[in-house]
Amino acid sequence: EAREVLDHGFVRVIDYMGDDSAIVQAARVSYGAGTKHVSNDEGLIRYLMRHWHSTPFEMCELKLHVKLPVFVARQWIRHRTANVNEYSARYSILDREFYIPQPEQLAAQSTVNNQGRGETLQGAEAERVLRLLKDDAGRAYDHYEEMLSQDGQQGLARELARMNLPANVYTQWYWKVDLHNLFHFLRLRADSHAQYEIRVYADAICEMVKDWVPAAYSAFEDYRMGGVNLSAKGV
Amino acid sequence: EAREVLDHGFVRVIDYMGDDSAIVQAARVSYGAGTKHVSNDEGLIRYLMRHWHSTPFEMCELKLHVKLPVFVARQWIRHRTANVNEYSARYSILDREFYIPQPEQLAAQSTVNNQGRGETLQGAEAERVLRLLKDDAGRAYDHYEEMLSQDGQQGLARELARMNLPANVYTQWYWKVDLHNLFHFLRLRADSHAQYEIRVYADAICEMVKDWVPAAYSAFEDYRMGGVNLSAKGV
Amino acid sequence: EAREVLDHGFVRVIDYMGDDSAIVQAARVSYGAGTKHVSNDEGLIRYLMRHWHSTPFEMCELKLHVKLPVFVARQWIRHRTANVNEYSARYSILDREFYIPQPEQLAAQSTVNNQGRGETLQGAEAERVLRLLKDDAGRAYDHYEEMLSQDGQQGLARELARMNLPANVYTQWYWKVDLHNLFHFLRLRADSHAQYEIRVYADAICEMVKDWVPAAYSAFEDYRMGGVNLSAKGV
Amino acid sequence: EAREVLDHGFVRVIDYMGDDSAIVQAARVSYGAGTKHVSNDEGLIRYLMRHWHSTPFEMCELKLHVKLPVFVARQWIRHRTANVNEYSARYSILDREFYIPQPEQLAAQSTVNNQGRGETLQGAEAERVLRLLKDDAGRAYDHYEEMLSQDGQQGLARELARMNLPANVYTQWYWKVDLHNLFHFLRLRADSHAQYEIRVYADAICEMVKDWVPAAYSAFEDYRMGGVNLSAKGV
């Protein structure tokens, strides 16, 4: 049940707490007997989402095991409202696994958006880029191993040797988050402004969340994802 | 399986995620293959607790349903690292239930500790205090109902009427928290400096946690609860 | 420079860190040399607000001293992303100050919105309500003093005696928050769904924020307060 | 007034809010008139620290500008209770600056502590390691520039090209945190278990904090840094 992402990555559900009915249950404790007449759980969930009543969504929790390139991990970890345990490259030796983009993802710098991609690179340029990425990663890893080696030498400390590895090396972690903050993560990272390489993880998680809490996910999709923020002046 | 606390309160487990082995599992992802040789889960948990490696404990989560007096809720809610949905006294009508201390809890102001209790009140003084608490609560609730009543009058808004109720009225909430922050809560609130009325809730939760994650709880008890903080100078 | 709120409350700025230019400064570190050509700070701030780039707003911080009724404090404290130090009613004796609504705020329960107010109470009903609120508060405080008194008796512990006081008694605290989370607070609490008694505090803070960070406040007003969140279906 | 750290890094104070007296002021609002007789601010601060009364320390705030290697940034960012704006390598081009350890910091893997360093490498091995680190960094940067170049080619997107850079490349950010959580950071990162390269940053910040809030820093040093946590069994 793990979903593969990028060339060596994955997202896997380890555990979860609650479901659509846990959101409703928490909302009903707030409103007491008063909500008895709302016959429809889905309607209540949509109401909560629309009115930014976010605390009932915090009653659900998801724990994932994720394998991802370090430069994606650096974006991901900025979401502070989560619990994380990452593989320690001080303690252990990283595997020889690097993210190398698919040819159709080898994009040029966007000419309109400083923080984005433009057209796909072609021909010799694309080939040269791929070769550089592969060669540098391979060589960096060879030297990583060489520095670590205790064969006829002392061997550099792991916490130092790892600094030779480029940002496309893979790491992994356990990541646990409540549903409200997961939606916040997905809104920002399944969005078109997010970098492709984190967006594919967000997309994979969207699929998992849709299975897990279908009513909440559908409300999220309608009111957050596709939503537009109009200014008072724009209205 | 709800535990009764005080005269009308309770703590009830609604759901939980993880257990002792989830802590170990998360710690092992950090240390990778390197920890294979640690044969003993309990030993690893004690090691994590002793060295303030707190993030593996965040991998467990507990959701409680709690009924408690408002003045206790006011202390409890100060713990921000939790998810809460409380009964809404704007939306619904509160029940006629007030915390009235047991005679042995009717304590005088401490003469040595400004923020604490001294000896138990006796005789006429104790009786007078109990009568005042009961009468005032009863009268406040009568007037609450009177103001709310729509019998021959409009009836005051609930969100206003509730302000007539004293701080010993009961409220209830769903409260969800990870194990690391729950331990932090318990360290502060099962402590002798905490007010008796919140301490009994913390004590009840301690029993539940002991059943749920026995190894983690035992490490907590040894390294946090009974622990002493010596200053550098004191060492 | 304190602003009076309700009958005995106030909001007072104690200290602040940063201003509009601190938001811009932080945004520019993110975008590096690349933003040199954006000539206009106000434009950059509006851009950040519109695209939910919230972390630059976290670079500003505001510290307030607030005096407020306990039932308002109970709503306010639900905002966890703030730092708080409240007057201790375990340690100290509360003053004889209670919130008594102005006649035009004595509203009936709304008939359309369970969590809201309807028309203003009139005539005898209004008078009766006011009298009950005043009498009960006064009597509760008399008994609070009586229970505390050490005149010819031991005197009940403060931490117990305070539970006789109704929710309209005033408390006070220091409250410190970053600008992003302050805006989140204001969006929820200066909103028409918020209870009037907390809304007037939010309104007072809005005025202060407008003076402090005029460009950020204006962007907030346009994109959050008056703004509209259209759903995918609504677009 | 910036402090240099490592070979190209620094820590610089941008702004701060509060000082020792702000801690005392907040503590006194909690304890009301009751603390008038405590003549001594320093004594009160030590009392708060000793008893884990942490919220008054949250009333002070520090904002730093930090330049640091990416592998240090990855450890630092794990501290979630802070506000951060980092230089964007999606938006801007990183400088050719890499952390290369001083010879005395070129340590072998510890033989007793899996997550630590042992003796300093010597002679040929040390030279070889230094050369590898320098050459790989230089080559990676050359290729980074080559891939970005729009000279006779489209030029790879910045957000992709940066993944070729090793973890010792420098980044920078604004980092803002309250004093309680800063102390928590310093306790963990100025500690001997922390990696040397983050410890030197923590040490530099310790010096700044000592100047800023001397009484609080001295209490921190006594009760947290040098202090001992005795377990129930140890007592």
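Per-chain residue numbering starts at 1, and chain names A, B, C and D are given in the order in which the chains are listed.
Here is the rule we go by: contacts are C-beta pairs under 8 Å (C-beta built on N, C-alpha and C of every residue); 3 or more make two chains touch, one makes a residue touch a chain.
Worth saying up front: this structure is predicted, and the values here are computed from it rather than measured.
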| item | value |
| --- | --- |
| Chain labels contacting chain A and also chain D | B, C |
| Interface residue overlap between copies chain B and chain C, same or different (over half shared) | same |
| Centroid spacing, where centroids are CA-atom means, of chain A and chain B in whole angstrom | 34 |
| For chain B paired with chain C, centre-to-centre distance based on mean C-alpha positions, whole Å | 25 |
| Contacts with two or more other chains, residues of chain B listed in rising order | 31, 34, 84, 88, 91, 114-115 |
| Residue ranges of chain C in contact with chain A within the complex | 31, 34, 50-52, 114-115, 188, 193, 221-223, 225-235 |
| Residues of chain A touching chain B in the complex | 15-18, 22, 25-27, 29-34, 55-56, 58-59, 61, 63, 65, 83-88, 91-93, 172-174, 176, 178 |
| Chain A-touching residues of chain D, taken from the complex the two chains share | 69-71, 73-74, 77-78, 80-81, 84, 88, 90-91, 99, 101, 105-110, 114-119, 121-122, 125, 128-129, 132-133, 136-137, 139-140, 143, 146-148, 150, 153-160, 162-168, 195 |
